[in-house]
Amino acid sequence: MSKKERAVAKRKKKWDGISNFFRANSIWMLMYCTGCCAIELPQAMTSKYDMERLGMGPMATPRQADVILVTGYLSVKTLRRVIYAYEQMGEPKYLVAFGPCTINGGIYYDAHPVIKSLDQYLPIDVYIAGCMPKPEAVMNGFQDLIDMIKRKEANGWRKYQENKEWYRENQIHALGELRIKDEFHE
Amino acid sequence: MGISIGVGTIIVGLLISAVLAYVLTKINKTTGAWVTVLAPFLALAAVFLLRDSIGTTYSLFFLEFELTEYGWFFSMIMLLVFACVSFFNVYWMKKMVHPAAYNMLYLLALTGTLGAFMAKDFIGLFIFWEMIVWSSMFIIPFGKSRKASVVYYAFSALGSLAMLYGIFYLYNAFGSFNIQEVLKLAATDTTAALVAFITIGIAGMVKLGVFPFHLWLPRAHGNAPDTFSPILSGGLVKAGGFAVFLIAVVMPSYEAFATQLQFMGVSITSYIFILFGAVSIVVGTLMAIKQDDFKKLIAYSSVANAGYIIIGLAMTDALSVGGAFMHIFAHALASAAAFLAVAAVSHRTGTTKMSELGGLIHRMPLTYLVYLIAIISMAGIPPMAGFISKWMLFQSMIDNGMVFVATAAFFGSIGSFLYVFRPLSAVFLGQLSPKHYKVKKAPVLMMIPMIILSGLTVLFGIFPNIVLRIVSRIQTSVGMEGLQFDGTKIIGSNGSLDPTLIVVIFGIGFMIALVIFLLHPKSRKVELMDTYTASEFIYTPELLHYSHSFYAPFERLYKNAPDTSKWYKAILKKVSEIGGFVSYAFFSSKPRIVVFWIVIAMVALLWGGSV
Amino acid sequence: MITIIISILIALGILVFAFLWQTTLSGITRKIVGRYQKRYGPRFYQNFRDIFKALSKRGITHGWVYSFGVIMAVGGIMATVMFLPLFGIVPFPGVDNFFIYVYLFAVGMLGMAMSAVGSGNPLAGIGVMRALTQMVGYEVPFMIVVLAMIYGHGTSSLSELAAIQQTSGFLSWNLVKMPIGTIVGFICLLGMLGKKPFETFIAPAEIASGPMVEYGGKQLGMLMIMHELATFIEISLFVNLFLGGATPIVFGETTVLVGLSSVVGFLLKYSIVYIVSALISNALGRFKIDQVIKYFYKVPIVLAIIQALIVVFLGWGV
Amino acid sequence: MNNIIKEFVDNVTAKFELMGVDYPADLQVSLDFDQRDIHNALAYIKGAGWTQMSLLTCVDWIADNEFQLVFILFNWKNGVRLQVRTRIDRDKPVFTTITNIYPGAQYYERDVHEFFGVEFEGNPDSYKQLFLENWDDIPPLRKDFDAIAYSDRKYPARKYKANFSTEAGESK
């Protein structure tokens, strides 16, 4: 590690110390509703469980968001877009994965277009189990994320920065090329 | 005894340099163009030095000139615009069809404006007025369209004839051509004043491009050579303001029409003029919002701004006339700068269509800043000069309680945000089209005049009193109440304005924002195409650029509004029908018609003989 | 010189108060809206957390105009706030006239629009287009009503307009004197605040929050500060113009008590206006942009002209 | 209604060499044609009122070493649905395009080409990728495509320290 890098790391650490209080209590979500788990989010957001009291709210674009919710199975086609969205987010950023499909492929373990485990391609901070996870589980997962941010354990984005080559290699292995270019993308 | 510089010397000098420019351009194009740069600068310096000798009369052959306060003010604006724009001539020589003629006419137009502003009598005014019309009429077809010139000439002829009628009427009534004298006499005679007001007023309105005479303006401005559009918009159009100023303030109209029905604090005749101004604000704004051509958009905005000028002049109170003068000055600077920015863009990219451009800020940042300052001034946002004039005009509108006129003015003022933002967004911001990747910065010589104009706009936005004190002197010289000042403050009738303080406070706000910005983590620089697309991969910048029919939802609401050009087309059809009949009846070579006329003539003769 | 420095310090004080007050009130309103929707809602200081979190994030930039526009936006809005009179304290007496607020406010808006379109996202361009189009809608009726008011009272100074309304209690408020104008003013206020049904330019589900689409990190944080300050300007304008400004709610001999109660009176009116507009916003859907323009040029502008004609020709409400 | 269907089937039988007719349900008829006749037949059927092409898909009969192309056509006048079917050789899956009869078949042909590898002569666009981006194996819906092997090769599975999964019926 060169001197400059160390200085950068030190500055980052200092900033994190000041900012983690705010970050933990103000989490804006980008909901990447890929699968069936997304149906559990409305309950968690509205009057029954009221996500806003944790300071969480939905956002329109990845630029504004702090956490990306991957709710369910990912086909390779979707994975490309998720990676793109994740890389567009500002740092620090967190990723919450829902359901077994993101863990080991779930019921799609043998499907040709569906990936098996998301953590090969993107760093995951919190898994929420259940097929589909109940709103209680969702809320519990978010509470875990908040605690992790407070304890400075939600370091997925840093891991992604540090092991970028490893992640990139895995992504290329599964996707062929990261950004697709065909007649639909002109 | 040294060479004394007088108005006559300047005019003769400009005429000689016009001929010189023609001859030199025939030999070498660039040298000829430099003559058009030098001559206005020398004239500018000369007129500036004449500041102390205001009130002196000069004579040149049979023409009499008098340097008045307002003549000097108008001449300075005009020379400033001509001097700044002339730098662009150097670059346009290769693109012109007749560079020599262009250079000569360019200087002749300048001579015409100076002569008109300084003429002592109406004959001089008319001669030089025609000189402006003719020289600019021949320049306009050097651009894109010949037809534009015809439209321009048709309207100008109307204005000139109206003016000529007015001049002869006044001569008939008072036996003099002297402007000051005749106008003062006319103020005592309501009928003469009314005739003068309407005829010379029409001439001024045509030149200003006020509704319903606004049609020539976008055509001429849009199609004139890129170097001449700033002259038209920033300079020549303002000559119309001069004509309106003569009859509204020098006369002055509030004395002449004191016996008329008073409405909203002004006479009914003035109010009708004000209403035309209000309509042209609305029409100009709505049409400007619709345009796709960068130049036409600014041309229509000139129509709207002409509305403010005529409203200010026709209201004839201290604030409004001061506002109108400030507006003439601010708009001359701003629209010249905006047109020069267009010219720079057109020079580098070869188009002025907004839907074909985009993202030029990454290639021409200084041109962008020039345009930004120009539009801030045009939209009347502080801290630019345009804000001061709008504030003054609004003050007097509110004082007079002119609800409908103010509605139009407010609409035009807010609407101007729409149309000035569109080129900013579509031409300079947004995605850079691949065909413009290799566009270079504007050349240094083009930057000089643009920066001068922008600098003046900012300077007079912060310290408007420099100009307003001159305006105040003009007002006292024509027997009006002058503007009031208190340090950097301008005292209005229901509040005062301190532009310098506004700039200081804005500076403080900006510094606080800058500190907040710098205290926080540095941002990561990303490509322009790395933008939110709902995670879809898009590779064509043109498709990611929002510039085509920008205000579509708003345009839809008035797309069926009546179009003035249709009325004129109907009139044109009728005129050509009558003309056709006349030529059929009187100039036909068909034997039976000739025989018919011979018979009629003989009958008439015989009849006459028998009586 | 000293007086100018003192004035600037007062203005900075007003700026800080405006930010703290409006951000707190936004949080409280979020809580109230939460209760309105049978939720708990966030803490009342949630907006502070959001702003500082956004500031501490590492965002992106699309070039110098993207950042410069944000600084210009925040600077312009801060300058506007610094001109505002608050509780009868006028930082720059004599020059606080209404047009400064309208046009200095536009500097901030222009900066934001410039920066948003400078990001190169077409959705931002569409958002700005809608914001400007909507501005043509609400600004004109509002200015006509204020024209009538300035014509009637003979001053365009905001503090003097407020002071005139404090002469004889509730009955001298413009709410009572110009009821039609007040209605127009409130509708236009909803348009200015971008509350539903006039939320066209944000429209998160439609154009991905419009001008804000590319912002993240400190630029977003600064725009949130700007948003809070802009809300403060708009609501204070409304309260000062129509609701009598800082009117005391306790009358008596003690100057201190009356002064304090006038502070409370101002803040109370301010809160009521803001919360009511937030509740209206949460009960309604969104207009399309051409519906917004049609609406503003059908109802409020006609009412505004009627109000202006009443004031100018009949002399009522002066 | 049955008369109409019967009449239509009779007409088709008179004109073309039918390999088989079936009535799977009410208002549904399935017609099997030889590969040579199919284009003429489709043109005739379209002329007879079946103007909408609802679906073009493919069935892999791996035991017969044949692909079966299925065209589902719909008639808006009488609501009768036709399944027009034909078989082509699996080793050389080439078929002439029907986009000149039913232009809507464009995307279905790309779909079938992508998932089964059937080539449509005369439709150059059918080679462009549609759903699968950068596919690098034999077409995935062929019966001889091993999805599990592909999935295992392409997408690394999670490694567990203990074996949590048990086969059905197996006791722990």
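Which chain is which? They are A, B, C and D, in the order written, and residues in each are numbered from 1.
As a convention for this text, a residue touches a chain if its C-beta (ideal position, glycine included) is under 8 Å from a C-beta of that chain, and two chains touch if they have at least 3 such contacts.
In this text the structure is predicted, and so the values were computed from the model without any measurement.
Using CA-based centroids throughout, the chain positioned farthest away from subunit D is B.
Chain centres here are Cα means. That of subunit B falls 70 Å from that of subunit D.
Between the Cα centres of subunit A and subunit D there is a gap of 39 Å.
In whole angstrom, the spacing between the mean C-alpha positions of subunit A and subunit B is 58. The mean-CA centres of subunit B and subunit C are about 36 angstrom from one another, to the nearest whole unit.
Of all residues in subunit D, none touches two or more other chains. Multi-chain contact residues of subunit A (touching two or more other chains) are listed as 15, 61-63, 80, 88, 90, 180. Of all residues in subunit B, those that touch two or more other chains are 521, 524, 530, 532.
Checking each pair of chains for touch leaves A-B, A-C, A-D, B-C.
Residues 128-129, 131-134, 136, 140, 145, 147-148, 150-151, 154-158 of subunit D are the ones touching subunit A in the complex. On the subunit C side of its complex with subunit B, the touching residues are 8, 11-12, 15, 55-65, 67, 70-79, 82-83, 92, 94-95, 97-100, 103-104, 106-107, 110, 113-114, 117-123, 125-126, 128-130, 132-133, 135-136, 139-140, 143-144, 147-148, 150-151, 154-157, 208, 213-214, 217-219, 221-222, 225, 288-290, 293-294, 301, 305, 308-309, 312. Interface residues of subunit A, counted against subunit B in their complex, comprise 15, 61-63, 80-82, 84-85, 88, 90, 179-181, 185-186.
If you check the complex, the residues on subunit B that touch subunit C are 359, 361-362, 365, 368, 372, 376, 379-382, 387, 390-391, 394-395, 397-399, 401, 403-404, 406-407, 410-411, 414-415, 417-418, 421, 424-425, 429-431, 489, 492, 494-498, 501-502, 505-506, 508-514, 516-517, 520-526, 528-532, 534, 544-547, 550-551, 553-554, 556-557. Across the interface of their complex, subunit D is touched by residues 76-77, 80, 103-105, 109-117, 120, 170, 173-177, 180, 182-183 of subunit A.
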